[in-house]
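Read the structure below first, then the notes.
Just so it is clear, A, B, C and D label the chains in written order, and each chain counts residues from 1 on its own.
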Amino acid sequence: MTAVARESALIDQFDATRERTLELVRTLERDDFVVQTAPYMSPPKWHLGHVSWIYEAIMSKISPGYEFYSGDLAGYLNSYYQQFGSPMDKGRRGVVSRPTLEQIFDYFEETNRRVRGFIEGGLSPDNSRMITMGTHHECQHQELLIYDLQHLLASEYRPARRGTEPKPAGETGGTVRVKGGLYTLGYGGGGFCYDVELPEHRVYLEDYTIGAYPVTNGEYLLFMEDGGYGSYRHWLSDGWDRVKENGWNSPMYWEKEGDEWYTNGLAGRRKINPKEPVCHVSFYEADAYCRWAGKRLPTEAEWEKAALWNEEEQTKSVFPWGDGAPSEDRANLYESGLWKCTEAGSYPEGASPSGCHQMVGDAWEWTSSEFVGYPGFRSGFDEYNDKWFTGQKVLRGGSYATPSMAIRGTYRNFFRLDERWMFCGFRCAGDAPA
Amino acid sequence: MTAVARESALIDQFDATRERTLELVRTLERDDFVVQTAPYMSPPKWHLGHVSWIYEAIMSKISPGYEFYSGDLAGYLNSYYQQFGSPMDKGRRGVVSRPTLEQIFDYFEETNRRVRGFIEGGLSPDNSRMITMGTHHECQHQELLIYDLQHLLASEYRPARRGTEPKPAGETGGTVRVKGGLYTLGYGGGGFCYDVELPEHRVYLEDYTIGAYPVTNGEYLLFMEDGGYGSYRHWLSDGWDRVKENGWNSPMYWEKEGDEWYTNGLAGRRKINPKEPVCHVSFYEADAYCRWAGKRLPTEAEWEKAALWNEEEQTKSVFPWGDGAPSEDRANLYESGLWKCTEAGSYPEGASPSGCHQMVGDAWEWTSSEFVGYPGFRSGFDEYNDKWFTGQKVLRGGSYATPSMAIRGTYRNFFRLDERWMFCGFRCAGDAPA
Amino acid sequence: MTAVARESALIDQFDATRERTLELVRTLERDDFVVQTAPYMSPPKWHLGHVSWIYEAIMSKISPGYEFYSGDLAGYLNSYYQQFGSPMDKGRRGVVSRPTLEQIFDYFEETNRRVRGFIEGGLSPDNSRMITMGTHHECQHQELLIYDLQHLLASEYRPARRGTEPKPAGETGGTVRVKGGLYTLGYGGGGFCYDVELPEHRVYLEDYTIGAYPVTNGEYLLFMEDGGYGSYRHWLSDGWDRVKENGWNSPMYWEKEGDEWYTNGLAGRRKINPKEPVCHVSFYEADAYCRWAGKRLPTEAEWEKAALWNEEEQTKSVFPWGDGAPSEDRANLYESGLWKCTEAGSYPEGASPSGCHQMVGDAWEWTSSEFVGYPGFRSGFDEYNDKWFTGQKVLRGGSYATPSMAIRGTYRNFFRLDERWMFCGFRCAGDAPA
Amino acid sequence: MTAVARESALIDQFDATRERTLELVRTLERDDFVVQTAPYMSPPKWHLGHVSWIYEAIMSKISPGYEFYSGDLAGYLNSYYQQFGSPMDKGRRGVVSRPTLEQIFDYFEETNRRVRGFIEGGLSPDNSRMITMGTHHECQHQELLIYDLQHLLASEYRPARRGTEPKPAGETGGTVRVKGGLYTLGYGGGGFCYDVELPEHRVYLEDYTIGAYPVTNGEYLLFMEDGGYGSYRHWLSDGWDRVKENGWNSPMYWEKEGDEWYTNGLAGRRKINPKEPVCHVSFYEADAYCRWAGKRLPTEAEWEKAALWNEEEQTKSVFPWGDGAPSEDRANLYESGLWKCTEAGSYPEGASPSGCHQMVGDAWEWTSSEFVGYPGFRSGFDEYNDKWFTGQKVLRGGSYATPSMAIRGTYRNFFRLDERWMFCGFRCAGDAPA
């Protein structure tokens, strides 16, 4: 690709990303932008500013003399990068009335102008990759923004549902068997990926089984009805402590009314659909379910091999269905009354060669693997993903809130073990002695 | 007064009160209305709704079948009245994005219409007094709103000061001697007062001395420079614990820059004026200063007698300067760049017969008296002031943020002993053995 | 009294006090001395050391060159006197294994030798009064020790009861009327009293009524059965918060078994006796009961006048029954299996002139008065009672755990409003308009 | 081995284990047994009871009708086994005065009688292995007891040091290179091991380097002097939070006096010896040091291969120096004045085939591996080690407080990432690309 073509493609990608961010907040009320409803979520106003500020941080790394738009903004919009000064305590993002939303929108637009100018001024491939990373960072926050809007709007205000019903999911259940041996884990393609997906490296796997589908609401209800939340036997000690501390007795956002379970989501309040993948469960709950079911969670290597490896052809693809990117963004399909969102439902592109369905596009799937660097890991950006190499588990796949541009089979998402406000489910695995 | 005249006067008072509330928020930014910067303050949006809701609560007491504008609003706008359902946790007022500000303004207007209609429908003197109490309640919140705006704007954003300098205060220092004996404490006039100002009753006082002026910044600085915050000897045990817990080393809003102390207030950041009354000190600090100075705080009876009693004529007035109400509201005098406010400076109406100055109109003054009911107290409104008859001290006088309509020499304000975000100072007293 | 007689009397009093302390712990198990079962109680070992250390503190004030037995001990045994160095955090007294109990007993004996030598060396009346205060301080801790043993033993281990049943109380109920006017509050005798009982001073009282007996278990049960703990209407706001926080639904140490209420006390577990004064209620509960009953708590002046004033003869006595000290210590009467203690039951010396019974010797009685200095108060000992002049209420009377030597009608005990592990009850009062 | 020989050997091992427990507390003061100086430690009295109770728990699993010595004791002595009822909150073990120490010693002896009788009654190999596990459990608590005594005695009371100086360590520094490929991880011998050391399974390793010696105090001081605790760059995000929260600026038990660092340990207070392995550092500190040094922590597979694998002979031994057990217990060598303990210093049996020294017998070594089950893990005892498969890191090796009987090269110890009161250090590793 020529430099000019590369710049043009980058500007297109940048513009599309920025536009999608604005699209997500287009129907919000003015007050919705300001408040923070939980320490782990951020006000929409903050997301708008932060995704802009990151481009400034990147430009300042590339171009040492770079002058920031506003020093005051940085303290507010910096999430955790100590190199850019002392960030504000995350829990206080909702007590900030200045900068106002209008000032944040001005900043958003000004950043657009600057980034475009920066690209048009000519960029080395390395610097081009840095700006690309800024757009992928923005994709991450688009997804977080959707989680946060669900927390803010769906759980607090429970809008009456509008729009069409989600189409019932198809088949569920079943297990596939995967052969072990040496497998090469990590990203090996030529496109963009994060540093934590590298380097490719060999791991040895025993033979194993893995669910052909994610665990569904219906299956999870059996666990609940069998007293799953009431018996310590299914739980890790830390998990059992959380159950009691937090009074967990169902996935997050679920409520019982009479004999019926409901969930409050972006599409409003609706009855639990037993065929949909279970969502909004913590690692501890996923783990307890597996133990109850006589199974275990897969490691991330087991998950990835089941998703991407074609045993017959001895090849590895980028997605379960092949190398072609998803054809559309799932989070913009219909009008819920609050903003555009989609029903749950995997990318329709199909099952993996080993026969696993719905691996990408419904809910992220917990694995048993701790989020640490791969052997030989080299940090690609100062103070980014590798600051979090303790206390978190890897999730694989992608949810219906993940922008299609940000999806890859080797993507390693990570959250703390008790978090469940993101769109997260799981599938079971098991040992398969010969 | 005829019923018609009474109604007309009440509507005038109501309209003036409502207008003053709106005036206080007229120059705020949109985002300012929504956030909560400390657990003890409330978002301006909430104040607007709450002062309206109280009229509905009153109308529902008067008129049993009264239908509230909105059941949902009540949960949010109820401060602590259990009889109207379970109020929202105060600390969560800043995580509410719906009702939106527009809805609150609609509610404000609708309440205006309803209250006016209610008054015009004819009211007994008792019910008229209930509505009057609603306007006085709104006055209380106008003052709280100013405290909260200071917390939100002045301490967070430190606006550059605009407008004229406060005029330097005049004389300070000096002590007057007051003769003891039986004194009749409490409100004895014919106008409006709160139930906690009643009944008038006799108390026996020894002879005492009391400061002719409130303690000034300059005097308080001497205490600070003498190591007042560093020596346990001046402090009550609870106070000393607070000093260490909170790291107090000056009044709230003060900051040292080089050798100079500054304060961040409604008029922006400015140098401490040594002639102004010290403000934003807790009860513990006032008490410690007095002990350091070889004095003590006055009781509320001592304060009131020094303010209102004319020994020569054996008469008691409503204000230190006589019975005439203050001629203007102090909190609306000049434009600070954020909104209208005034410099410190007492109501110019003059000193008390015993020779005490600046008793009303600068800062509330801490007394040593616990806030409890007077002997023979009868509650005038269910679940109002008398719910708070423990753990609080009485403050007397009135600050420059107090609406003139709400000022009286017998007014008993009350706060917890460690609070200091309100406009509060003190004057010293002493024993005066014959 | 000659100096020699005064010394001899002081040594007798000292020896008797020390002996009583040892008597209280004679039947404890070795491990009982070491543990701390609540932040507000102290290990018995600590009490033994602390009451000894105070004599050293006193001797060091009297005799400037005094050398302490051990510098290390002081840090552990100092309760809150900043002048003697930084005291250990009270909540950590139970994590101390050295000094061992044997070392504490050695210290106890060594202190005895030193104090006796000090007295025999000759003392001025002032210094004699200081040592006397040490013995009264020890009396205070004897009572606290009994509270703490109740917490440690009775609540944790619920010993089977031994010894005789408490004799049923006699009459209960009824109200007496007391005439108001000027009353002289405080201690006016020639014996020992604390600084906070001084100076005598005039207060003006309206006519009032006061209960002829303390509120009984039986009366309090009516409040409980009427839903007293479940309705906010009876409670001050701070009190209602405590009810919910702490899940209070009965006095401390009560437990329901089937339909029957039991209490766990020094005499083991036994059924609630409806005729005994209610005990182990906080100020908030006492206040709520009164409001429920259409009454209020008495002020401390009202309590004292009802206890000590003879209207007919216009005289004031030291005790309700006259000037003669109680004839015995109540807390040493029988063997409970754990240690000697008594059943509830007032000093039998009789009712007050106004007709009030059981004012001294059953349970301390809450008053509505804040614990502050009397007008003209002068501190008699550096950093003693007057450090606590905020956040506490006065209790009057005396419990069956109070040493007889330490009882006086003018004694002002004080505790925080939510404390209830001490032996505390109350009686009601009311207004009595002519 | 015949059944009789097996029983006799088991009784010998049991008796020796019990005797060693008593030996560890022989010189304690009476009060030392009772107190709890941190939430993570337990009173010695509790350890004595708990290690006895576990044998009862085991006997009850083997022999269903087994009657426990005392139901009351179980609630106190159960650590975390939900199947035996609700265990007491760990943080409250220090507020228990009954059972007394004497009762615990009686229980200890009675348990001895019962276990011996149980063994003599005849045991299947499986049940014999269960009792053996009880002795290994007791070994774990012997080590914990030493940690706890260090916390209680050395840090609180700082005894003057007695006994001989530790011999200075020999060489330090240097790195060895280990060849990668498939390695078989886990215990493959015929003796006792825990379920978490099984099953043996293959892992793929890249080539790597590993320190020939643990990191020493002298090396760690270089990190400290280079501002290691002051720069976020070396730390994981969670670790940096802990540094700031806890104010860490050195290993635990270190104190600076003038220019010199001291440590308070079982041998009293002494100067830091720069040649000894650094001890009492958390995972976060170990990780930060490695990053500062351009290294990383080894995985547990890397550690084990470097310790046990002989590349030349293609064999794996039980210990670094071969298959022979250590010749003595390290924790009983000399009299410190408090009880017997040893200086730091590895088991003298020698280096591993790959050239690594001091891998067993000084301090446990942090690895980067999360404590989770090996592939194919099967739980060997209900609610034991596998309850803790989250939030902990594996430590390998063994400290000088580890009983020799409990040492194995495949032993997987585990602690939370911020714990440092145990005897824990680390060695560095690195990638070694061909």
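Rule of thumb we're sticking to: a contact is a pair of C-beta atoms (placed from the backbone, for glycine too) under 8 Å apart; a residue touches a chain by one contact, two chains touch by 3 or more.
Note that the structure is a prediction, hence the values are computed from the model and not measured.
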item: Remotest chain, chain C as reference, centres from CA atoms; value: A
item: Centre-of-Cα separation between chain D and chain A, whole angstrom; value: 39
item: Geometric centre distance via CA averages, chain B-chain A, whole Å; value: 50
item: Per-residue multi-chain contacts in chain C, two or more chains; value: none
item: Set of all touching chain pairs, with the criterion as stated earlier; value: A-B, A-D, B-C, C-D
item: Residue numbers on chain B that touch chain C, as the complex places them; value: 80, 82, 182, 201-204, 206, 232-233, 236-240, 283-284, 287, 368, 370, 372, 375-376, 383, 387-391, 417, 431, 433
item: Of all residues in chain C, those that touch chain D in their complex; value: 29-32, 34-37, 45, 94-98, 100-102, 152, 156-157
